[in-house]
Every structure is written in C-alpha cells, then in structure tokens.
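Common to both upcoming complexes is subunit A, partnered first by subunit B, then by subunit C.
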Partner chain A sequence: MNISNSTELICFIILSTIVVCGGIGVVLLENIVYSAFLLGGVFMSVAGLYLLLNASFVAAAQVLVYVGAVNVLILFAIMLVNKKEEMNEVKGLKLRKFLSGFVCIGLLILIIRVNITTAWPLPGPKSIGEESTIRIGEHLFTDYLLPFELASVLLLMAMIGAIVLARRDVYFENENISPSNNIIKQSKTPLIADKSSN
Partner chain B sequence: MNSGLDLELSFNQAMQGFGISSDIAHILWLPLPMLLVLIAAVVGVLVTVWLERKISAAAQQRIGPEYAGALGILQPMADGLKLLVKEDIIPARADGLLFTLGPILVLVPVILSWLIVPFGQNLLISNVGIGIFLWIALSSIQPIGLLMSGYASNNKYSLLGGLRAAAQSISYEIPLALSVLAVVMMSNSLSTVDIVAQQNNAGFLSWNVWRQPVGFVIFWICALAECERLPFDLPEAEEELVAGYQTEYAGMKFALFYLAGYINLVLSALLVSVLYLGGWGFPIPVNLLASWIGQSPDSALIQVFTGAAGIVMTILKAYLLVFLAILLRWTTPRVRIDQLLDLGWKFLLPISLVNLLVTACLKLAFPIAFGG
Partner chain C sequence: MIASISINVPLQAYLIVAALLFCTGVWGLINSRNAVRVLMSIELMLNAVNINLMAFSSYLDGELIRGQVFTVFVITVAAAEAAVGLAILLSLYRNRVTVDMESFNLLKW
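Let's turn to the complex of A and B:
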C-alpha cells in the first residue's frame, strides 16, 4: 500500500464516521438549531466523499446547492420562527418513536443485505476526472433532457406557489384581511391596510 | 500548455539529487506553496489595512497613522498584536461552541479559495479543473458561519446582522455566478489558468473587460456586496445594528472576522483581475517584447522575466482594484436594505441573465472573437 492509497483510506474512514454520527445527531439532538448546523456538516462530508471518488464537479455542486442554498434556507426558517415555547403533548409519542425507529432499522438491514448479496464489479469503473464536467453537460442536454426540464418546471411551480402564498394581499382581493380583525397590524402592512380602508 | 517555469519539477529534481524518493519530495513540496500563499494573503491584508487607513485619512483631510514605522506602515501590525493579546470574552449566556466555530467557518473558506488564484502559468497551488466554480461553491459556505455567530451571540443586533449578511450574500451570489458563467463560456474552461491564457493573445486588447463590460461591472458590484464593503455594509451598519454579527466579539475572534473581510477583498480584486483584466498577462505580449530586443522567448532570462512580471502584474492590477474599493468606501453613502435587495434581484439578476444570453449569441455569431 503506497502513500496515496493509505491517505485515501484514512480520509474515507474519517468522512464516513462524520456522515454516520452526524446523521444520527441530526435526528436525535433536542436543539433544532444544532441539528441544522450539523446537517451542514454532514453535507460537507458527503461532498468530501465525492472528492475521494474523483468527482470534483459533483462535490462543488453539492457544497453550492446543499450547504450554500438548502442548509442556509433551513437555518433562515428556523431563526426567523425560533420561539422558545413548550410543544403540545403528543399522544402516544413513545409508540410513534418506537415504530419509526423500527422502520428505519428495517430499511438499514435491507440496505446492508443488498450491499452484501450484490456482486460489485471490482475494481469499479475508471473515473474520468476533469472531463466529468463536459460529460455531465452532454448528458443533461441529450438523454437526460426531459427529466432535467421536468425538474426545472417543478421548481418553477414551487416558486410561483411560494410567491402566491406570500403575497395574499395582491392575489386574494376578497379575503377578509383587514386591520380591524387583528390579523395584521396597520403599521407593518400598509398595502393591505390601504385596500381595506377604502 | 506547460511552458514557462515549473518550480515543483525543479524542486523534485533537486530533492532527488539529495537521494530522496520522488514521493517523499512531493510530500515535502506540498506545504511550501500553501505556506507561501497564506503568508501572501496575510501580508496582502496588512498592506490593505494600511492603505485603508491612509486613504480614508486623505479623503477626510487628516494625516492618518504616522508614528508606527515610516508613514505609519507598521500600524496594521500594531493593530494585529493588540487584538492578539486582548482578553477573549465569551458572553455569559452565549452558546460557547457555536460562538467559537462561527468566525472559523467564516475565515477558512476564504483562505481555501486562494487555492485557485494564479500568479503565473505554473504559479498557483493547484490547477483544479473546476477552478472558478470551486471559489463560488466555497464562498457559499460563509453565510453559515455568519448565521452561526449571529445566533450564538444571544444578542438581537447580532442575530439581525447575521440574517442580513446571509440574505445579502445569497442574493448577490446569483448575478455573480451568472457573470462568471459568461466568462467561462467564452474561454471554454472553468480553470483559472485557461481563463487567463485565453486573454493573453494580444496584450491588453484581448482582455475580457472589452468583451464583457457589463459582466465586469456586475461582478465588481457583487464582489463588493459579498465582501460587505460600503455601500453594501448593511450587516454591520453601525448606526442601525451596533456592529451586526460582530457586536459580541472581542480579541482574536474579532480579528478572524476582520481578517476574513480583508482577505476576501484582496481575493475578490485578484479574481476580477484574473477574470477580466488578463491576470498575470503583461499589457504588451512578452513574446513581442522579446523579439524587439532580439531574444528567444524560450531563453532562461526571458522566462524569469515573464514569471516576475506575471506576479507583479497580478498584484498591481489587484491593488488598483483594492484602491478603487477603498475610495468607494470612503466616498459613497450606504444603501438601505430594501434598495440593496431590489438592486440585487430586480436589476442585477435580469441584466446578468441578458448578458449571458447575449454572450451565447455572440459566441455563435463571431466564434473568432468570442472563443467559439
């Protein structure tokens, strides 16, 4: 075993430990802010695993999309609504926890079984390294064009939905939102207040 | 492609001359450029801080620092030393772990991004294929550090500052990436070395700034916004938020934020010069100069000159941009948060999309001029 191989092995062990322990931590931690930050760490180590597989473009995209966009948005949402109040008691919480834990362990056993029984081709396919950016582009514009476009239409729909929900004052004229019934404060939303006054 | 000086190869051969194997020599080589770039980044920050103090003084008709060294040139060192020995305070009800981790998460991606800054054909740490995309990905980690320190300080101004910083950085990332994409489209590569090499055919006439004037302006505005410099320093607007997410920080942790800000400024200036101003390229092609004085471009003397001129040119261009940024900081008023978000989303984003589209059309129409 030469130097580069052993470095790779050490990196793999460290990264996968972070992914597994971090993932468990995200689910089990009581403080939701810690969970969100830990999720960012898990995403970063997944990007590290991609790097080990010589897929640098995918790794950078993983950091950009999951850490830079998804995780930051999750943190935003948590911090904007982070009220410290007691949650309502949920009926049968212990049973629910037991059931979901049971399902998760079942899935884990299934995956381990698939992993053991499948005859993986060793050594795996040769990595294409730097060329991967070109290949990904080619695939996105030829055989994966339809799924790619469908995904972007889905995202567009989600975006329009979010805008409609956020701007109820513009899109739902007849809805009974006015400062008089205490749903909104006049000083904070002058647009709606104007409309309801005349 | 691999012309010019290759220091690693020479180092490797020299080490093998001492009877050390090639593998070991490679491992010995690895930390050297990293250390060098780290030192370069820190020295760059010291120079920038001194420039900032001197230029702000000139803008306000003061003298500025003058007792620490000639012309106050040692003042940034004195500042740094002071921060180093200051007491490290963690507020009583703050979250100690996240409070410490925040500044680190802000600084580390910025320093990592220096990986891709080329000072010459072979004078960079690593010519990674995804080059400039790596920088965009790394700079998207920073908002997490800002949110973390804003949240952990347990202070409403810090939290507001952190949220503002993250919002600003997300909204300006998009036009920034789109204007980079237009350049990448012209040079057919994400690698910073290829992007510079593609601009150096005809001296300063072939720089990207002539072909991408709109992209240049968009990139510069977005880079200033990413560095949180005035006119876009809303996350730390002192009249509104005390000092934003830095409010509760003192000593070395504050210094980390300070350092990250200035390293980011120098890095942005370097990247503007790489993407739009020809990077290490001399305004007149060196080969042409060599032929005027009757030297072969491959001779050792010319090679050394090219390497030296490359480093000087990159730094000169970057520091001209830093000077511009400092002038902007001390002469422009701050925008409001709604103006800032309007500018990002309603103006820069559509313009950069149009710029990308026009570049694509021009690339198809004039493949010679636009790298078809």
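Let's turn to the complex of A and C:
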C-alpha cells in the first residue's frame, strides 16, 4: 500500500463519516437552522467524494449549485418561516416513527445485500481521469444535446413558476379567500390592488 | 498517478455510503413535521443517488463517463425542485401560518 492509496482511504473514511453522520443530524436535530448548516457540510463532503472519484467538474458544480444556491435558498426559507411554533400532538406518531424506522432499516439491508451479492464487472474500462470535463462537454453537445436543452427549458419554467408562486397574491378587499385573511391584510404592500382603483 | 488511484476503496464502499444516506433521507421524509426539513430530506436522497451514479461512472464506465452527465442533469433538476418546493412552502405558509406537515390537509375530503 503506497502513500496515495492510504491517503485516499483516509479521505474516504473521513468524508463518508461526515456524510452519514451529517445526514442523520439533518434529520434528527431539533433546531432546523443547525440542520440547514449541517446540510451544507454534507453537500461539501459529497463534493469531496466526487473529487476522490476523479470528477472535478461535477464536484465544482455540486459546490456551486448545492452549497451556493440550494442551501442558501433553504436558509432563506427557514428565516422567512422561522417561528417558534408548538406542534400539537398527533396520535400514533411514535408508532409511525418505529414502523418507518423498521421499513428504512429493511430497505437498507436489502440494498446492501444486493450491493454485496451482485457480481459487478470489475475492473471496468480504465478511467480517463482528469479528462472527464472534456468528455462531459462532448456528451452534452452530441448525444445528450436534447436533455441539455430540455434542462434549460426546465430551469426557465422553474424560475417563472417559483416567482409566480412566491409572489404576494393580489387580493381584493371584499373577498374572503382564506381563514387567515387578516394576516394577509396586515402584510399589505403596494402590490395589493384596491378594487376602487380598478 | 491520478487515473489509477481508485483501486484501494472498493465500489461497494461508495454504494453502502449512498444507501445509508438514502435511507436516512427516506426516514426523514416520512417523519419530519417541519416542511423545510422534508425538502432537506429530499435533497439528501438526491445526493445519495448522485453518489451512486458517480461511483458507477468511475468504476464501471471509465471511458464514457455517462454517470457524470446524468449527475449534472440530476443536480439541475434538484435545483429546480428546491426552488419550486420552497416557493410552494412560502405560499402555503402565507395561507396557513404554519409549517407543520400535519396541518397541510387542504386536499383531504
């Protein structure tokens, strides 16, 4: 075992420990702000795993998109809806937790069993290493051109949809739309149209 | 030699890490009361799938790394999903003034 192999093994162990423990922490921690920051740590460690797999482009994309965009978006959402709220008790929640825990452990055992018993055709073709970015570009503009263009359309649709959904709705005075109508009135902005002005 | 570095860690190790992360995500998806945490669990599951794709692409498909291209697409879709999901959550919060998943029963008869 030379030094690069042992370094790789140590890095893998550290990163996978962070990934697994961080994932459990994201799910189990009481304070959701801690969970969000821990989620950023998990994303960074997953990017480190990608670097171990010779995929520098995808690792950079992971850091940019997940840590830079998705995690910040989640933090914004938490800040916007962060209100200490007393969750009222729901019957059978404990039972549900246990049952779903059993189901998840069963799923885990099933996946690991399949993983170990399957005869993977190893070793595969030799990895192209650092040329992977060039290869990804070739793929994106030849045989994956249509999904690439569709992805851009999807992003445009998601952007417009998110703007439409998150915008403050225009309500008229005499309409009684939701039971919490007074809350909408309290947060009135100039965006809300007045019926008399129409 | 960078290209021959992936000999020491077996493929199965990556798959086991991904399986653990995925099952954690499933459990959190079922049991979270906070709607933001549900979205976080979905992100965890997507990341687990991405780890699988990347591991297979590196170990079994080293020539034409198709798994990496798929991972790029999955990251794109995950970003779109997160944006729309959080927008839906904000508009729900504006109507219901809560993020408790148990109180989102508008579609119940």
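We take it that the second predicted complex is superposed on the first by the 163 of 198 C-alpha atoms of A that agree within 3 Å, B and C clash if a C-alpha of one lies under 4 Å from a C-alpha of the other, contacts with A are read in each partner's own complex, and residues count from 1 in each chain.
Keep this in mind: contacts are C-beta pairs under 8 Å (C-beta built on N, C-alpha and C of every residue); 3 or more make two chains touch, one makes a residue touch a chain.
Small disclaimer: the values here were computed from a predicted structure and weren't measured.
By the document's definition of touching, of the two partners only subunit C reaches A:26; subunit B does not.
Counted by residues of subunit A touched, the larger count belongs to C, out of subunit B and subunit C. Legend: residue contacts after superposition of the two complexes on their common chain; A:51 is shown touching neither subunit B nor subunit C.
Contacts of A:68 after superposition: subunit B is touched, whereas subunit C is not reached. After overlaying the two complexes on the shared chain, residue contacts for A:80 are found with subunit B and with subunit C alike. Once chain A of one complex is fitted onto chain A of the other, the partner contacts of A:147 are limited to subunit C, with no touch recorded for subunit B. Of the two partner chains placed by superposition, subunit B and subunit C are both touched by A:129.
On subunit A, the surface touched by subunit B in one complex and the surface touched by subunit C in the other have residues 57, 61, 69, 76, 80, 129-130 in common. Here subunit A touches subunit C in the complex through residues 1, 4-6, 8-9, 12, 16, 19-20, 23-24, 26-27, 32, 35-36, 39, 42-43, 46, 49-50, 52-55, 57-58, 61-62, 65-66, 69-70, 73-74, 76-78, 80-81, 85, 87-88, 90, 96-97, 100-101, 104-105, 107-108, 111-112, 115-116, 120-130, 132, 135-136, 139-140, 144, 147, 151, 154-155, 157-159, 161-166, 168-169, 178, 180, 183-184, going by the rule given at the top. Subunit A contributes residues 2-3, 33, 37, 40, 44, 56-57, 60-61, 63-64, 67-69, 71-72, 75-76, 79-80, 129-130, 133 to its touches with subunit B in the complex. If you check the complex, the residues on subunit C that touch subunit A are 1-9, 11-17, 19-28, 30-34, 36-37, 39-41, 43-44, 47, 50-51, 54-55, 57-66, 68-69, 71-73, 75-84, 86-91, 93-100, 102. For subunit B in complex with subunit A, the residues that touch the partner chain are 23, 27, 98, 128-130, 133-134, 136-138, 140-141, 143-144, 147-148, 151, 159, 162-163, 166-167, 170, 173, 190.
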